[in-house]
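So that we are looking at the same thing, I have put the structure below in structure tokens.
Residue numbering begins at 1 within each chain, and the chains themselves are lettered A, B, C and D in the order written.
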Amino acid sequence: MDLNQWIFIGLFFALGWTLPALPIVLGKLLAPRRPNPTKLQAYECGVEMVGSAWTQFRAQYYIFALVFVIFDVELVFLFPWALAYNQLGLFALFEMAVFIFLLVVALVYTWRKGALRWA
Amino acid sequence: MELTVESVVFLILSAITLGGGLLVVTTRNLFHAGLYLMLSLLGVAGLFVLLAAPFLAGVQVVVYIGAIAILIILAVMLTPSVTQMPAIFNRNWALNLALAVLFFVLLVSVISPALDDLGVDNWSANFTEDSPAAVPADSIVQLGKDLVDPDQYMLPFEVASVLLMAAMIGAVLLVAPGKAGDEGGDE
Amino acid sequence: MTGLLKDIGLSHDLAVLIAKTIGVFVVGGFGLLWTLLGIWLERKWAGRFQDRIGPNRVGPFGLIQTVADTIKILLKEDIMKQGIDRWVFNLAPILSVVAVILIWAVVPFSPAWIGTDLNIGVLYLLAVGAFGTIAVIMAGWGSNNKFALLAAFRAVAQLVSYEVPMVLALLVPVLLSGSMSTQEIVRQQHIWYVFAVPLTVLIFLISSQAETGRGPFDLLEAESELVSGFHIEYSGIKFGMFYVAEFLHAFTAGVLTAILFLGGWRGPFAEDVPVLGFLYLMIKGLFVYWVLVWVRMTLPRVRIDHLLDFNWKFLVPVGLINLLVVALVWKLIPGTDQINSTADALVPTLVLLLVNVAMILVIGALLAERGRRERARIQARVAGTDLPAEALASAAD
Amino acid sequence: MVPLWMYLVVAAGLFSIGLFGVLARRNAIAILMSIELMLNAVNINLVAFWRYKTPVDLSGQAFAAFVFVVAAAEAAVGLALIISIYRRRQSVIAEDVNMLKW
């Protein structure tokens, strides 16, 4: 493998930041700064904020992330499989079908349980 | 170790990995700890690239940073009292720290050639090689073949699917809404 | 480039490094500068779709409207409200732009012009996409605002959900070309994949539209319910950066569709004249982008429960079935492991097209049937009460 | 190239940091994060040994892939447990969870 290719990606990670950071710094220099207490309050349609925003939310959101994680891990296997597919037999397709079927079973269970419903 | 581009990159990535890891276990604000965890995982992905396993590096970012770390951060946001805990370590933390450091020193004494240099025999393992054979160009394709090969990893591959199914069903069972008597007052 | 630098007496490593650094700024800067023109273009199109003229005051045809907007937004006060998580708050807009311009590192502009031809290119696209989600979370959390956090939660639910059908769609070109490198996928498209797997293209377009958070999936910034979305507390150029990221992401989705399914830089004489390849890619990308803008301007916003239902109960199953069916058909056609010319690709493409059309028809029939049953159910309930049908329809969801 | 033992030292360091986190942190989610660090240390080891010892045979990469699966399953169920307990007891401090003690 050619490490040189990755130097470019590494540089992109290291230097790419400067591209959006530049206008922000420029904005800092150019923009006026006249804060006052009202301006610094949270923007909630003119109503004063009660408590911190870092409060509890519903576990609903967690379920979608959870189902996503399980399906996302699947791609650890799906990508090499798809890549090698032209050199694999029909049996490989069958194996992958079984693999996906088991995940679909879990998805259907979640669905039937009503966990995917936005209540 | 002479100073080549590779060794410099290695040092930077190791620093990111270990520094991120240290911040994860010492930061009080768990949301920040989650972000540091992502940083550390990104460093590990970089190490994978250096080790000529770009596929695993990609998966590391997609699965670990893009899914597992996000799941952890979501959990942090869903259990908010965590950001204002009085003490972040338990009472035995000094002992535990000593234990972890001791463990680290022991490991390093085995894997690094430092003790060999000091003249201690038969202690360090021989891990000093630095010019391994080249990785075949089609290693990802080979990985795909091996994973579904009945003589190689077919069984673990299918078992992994069962594990994922079980994990998903179990986790959904735990957090699914609408179970009587399970709500602690957030609904 | 490297040769030129070596001529003036630099060592090889340093020359490569400088050349690559310049490459980074060229590729990234191109993306950012393109937004100046692209936003004008989108506003013009949006105007047409809504029977307006669009920007027409500043410069000829309003061409430098975006430049004026940029200057204005640079001069706006950057309000840092109290109680924010300062580092997280400031990093979020930068990260959201970086997540998009990183994609351009693997965009093959022409046979020779590509930032870097990674052998895991497609996976890299997904990996970079993950940073966009993190930026949204950081913005929502860092703002210390309930609406921002709520919007961030919703955004995460939407972004991660729609990543699954996106992955399933991305796997199809990987499977057909036997490569994850974007350049190789373009080379393998002797006949554009859009003709072979139109259903996959549809899945990809829908999920990209959701990933970029544009209408009808623009719940990330649903003004009417969440005040403004996860970037509510941002003002000045930091808000501008979110705007740039959103625009650039949408356009990039168009370019990626062109690369993966519309043959990228392929076209007459593109092999010989790199500029032509670049032009072809941009034209194709702009066309897809135009379609996406059209959809955005035409359809009303969907509700969050519909959005998630549509993904998990329709798009993901369809994506899985589509992947397995394409894989099966691909294996059953002889000679698909060696496709080196248009003639080789003709038969597989036709067969896949037929199968795809059949799949689309079946799915359409199933949907029609489902809709008919739903309507019948509502009709039956209307018959028993005095309520108007609409009230029951909304109650039935 | 960088000698193999340096990768192993990084992995050992990451593992020890994770170990300390698991032993010393009070917060259950922090403990979970530390476990992720330890799993990553294992992955570095697997891939490093693969690269330096058997670059042709892909067992190291395959093992690392399975570690990803285990990590995802562990995180999903572990966090679900934590959220479920939090809803019941409003606490994520590992020491407070002693329902199964006796």
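The working rule: a residue touches a chain if its C-beta (ideal position, glycine included) is under 8 Å from a C-beta of that chain, and two chains touch if they have at least 3 such contacts.
Predicted model, so just to flag it, every value in this text is computed and none were measured.
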| item | value |
| --- | --- |
| Most centrally placed chain, judged by C-alpha centres | A |
| Chain pair with the higher count of C-beta pairs in contact (A-D, A-C) | A-C |
| Between chain A and chain C, centroid-to-centroid distance (C-alpha), Å | 14 |
| Separation of chain A from chain D, taking each centre as the mean of its C-alpha atoms, in whole Å | 21 |
| Euclidean distance of C-alpha centroids - chain B vs chain D, Å | 5 |
| Approximate Å spacing (C-alpha centroids) for the pair chain C, chain D | 33 |
| Set of chain C residues in contact with two or more other chains | 118-119, 123-124, 126, 141, 149, 153, 156, 160, 163, 178, 180 |
| Touching two or more other chains - residues of chain A | 1, 6-7, 54-55, 57, 59, 61-62, 65-70, 72-73, 75-77, 79, 82-85, 87, 96, 107 |
| Sites on chain D at which at least two other chains make contact | 65, 68-69, 72-73, 75-76, 79-80, 83, 87 |
| Contacting chain pairs - touch in the sense defined above | A-B, A-C, A-D, B-C, B-D |
| Complex contact set, residues of chain C against chain A | 16-17, 20-21, 23-25, 27-29, 32, 73-83, 90, 93-94, 97-98, 101-102, 105, 115-119, 122-124, 126, 141, 143-150, 153-154, 156-157, 160-161, 163-164, 167, 171, 174-175, 178-180, 227-228, 232-233, 236-238, 240-241, 244, 304-305, 308-309, 312-313, 316-317, 320, 324, 327-328, 330-331, 336-337 |
| Complex contact set, residues of chain A against chain C | 1, 4-9, 11-13, 15-17, 19-21, 23-24, 26-28, 30-35, 39-45, 49, 52-55, 57, 61, 64-65, 67-68, 71-72, 75, 78-79, 82-87, 90, 93, 96-97, 100, 104, 107, 111, 116-118 |
| Of all residues in chain A, those that touch chain D in their complex | 59, 62, 66, 69-70, 72-73, 76-77 |
| Interfacial residue positions of chain B with respect to chain D in the complex | 1, 6-7, 10, 14, 17-18, 21-22, 24-25, 30, 33-34, 37, 40-41, 44, 47-48, 50-53, 55-56, 59-60, 63-64, 67-69, 71-72, 75-76, 78-79, 81-82, 85, 87-90, 92-93, 96-97, 99-101, 103-104, 107-108, 111-113, 127-136, 139, 142-143, 146-147, 152-153, 156, 160, 163-164, 166-168, 170-172, 174-175, 182-186 |
| Residues of chain D defined as touching chain A within the complex | 65, 68-69, 72-73, 75-76, 79-80, 83, 87 |
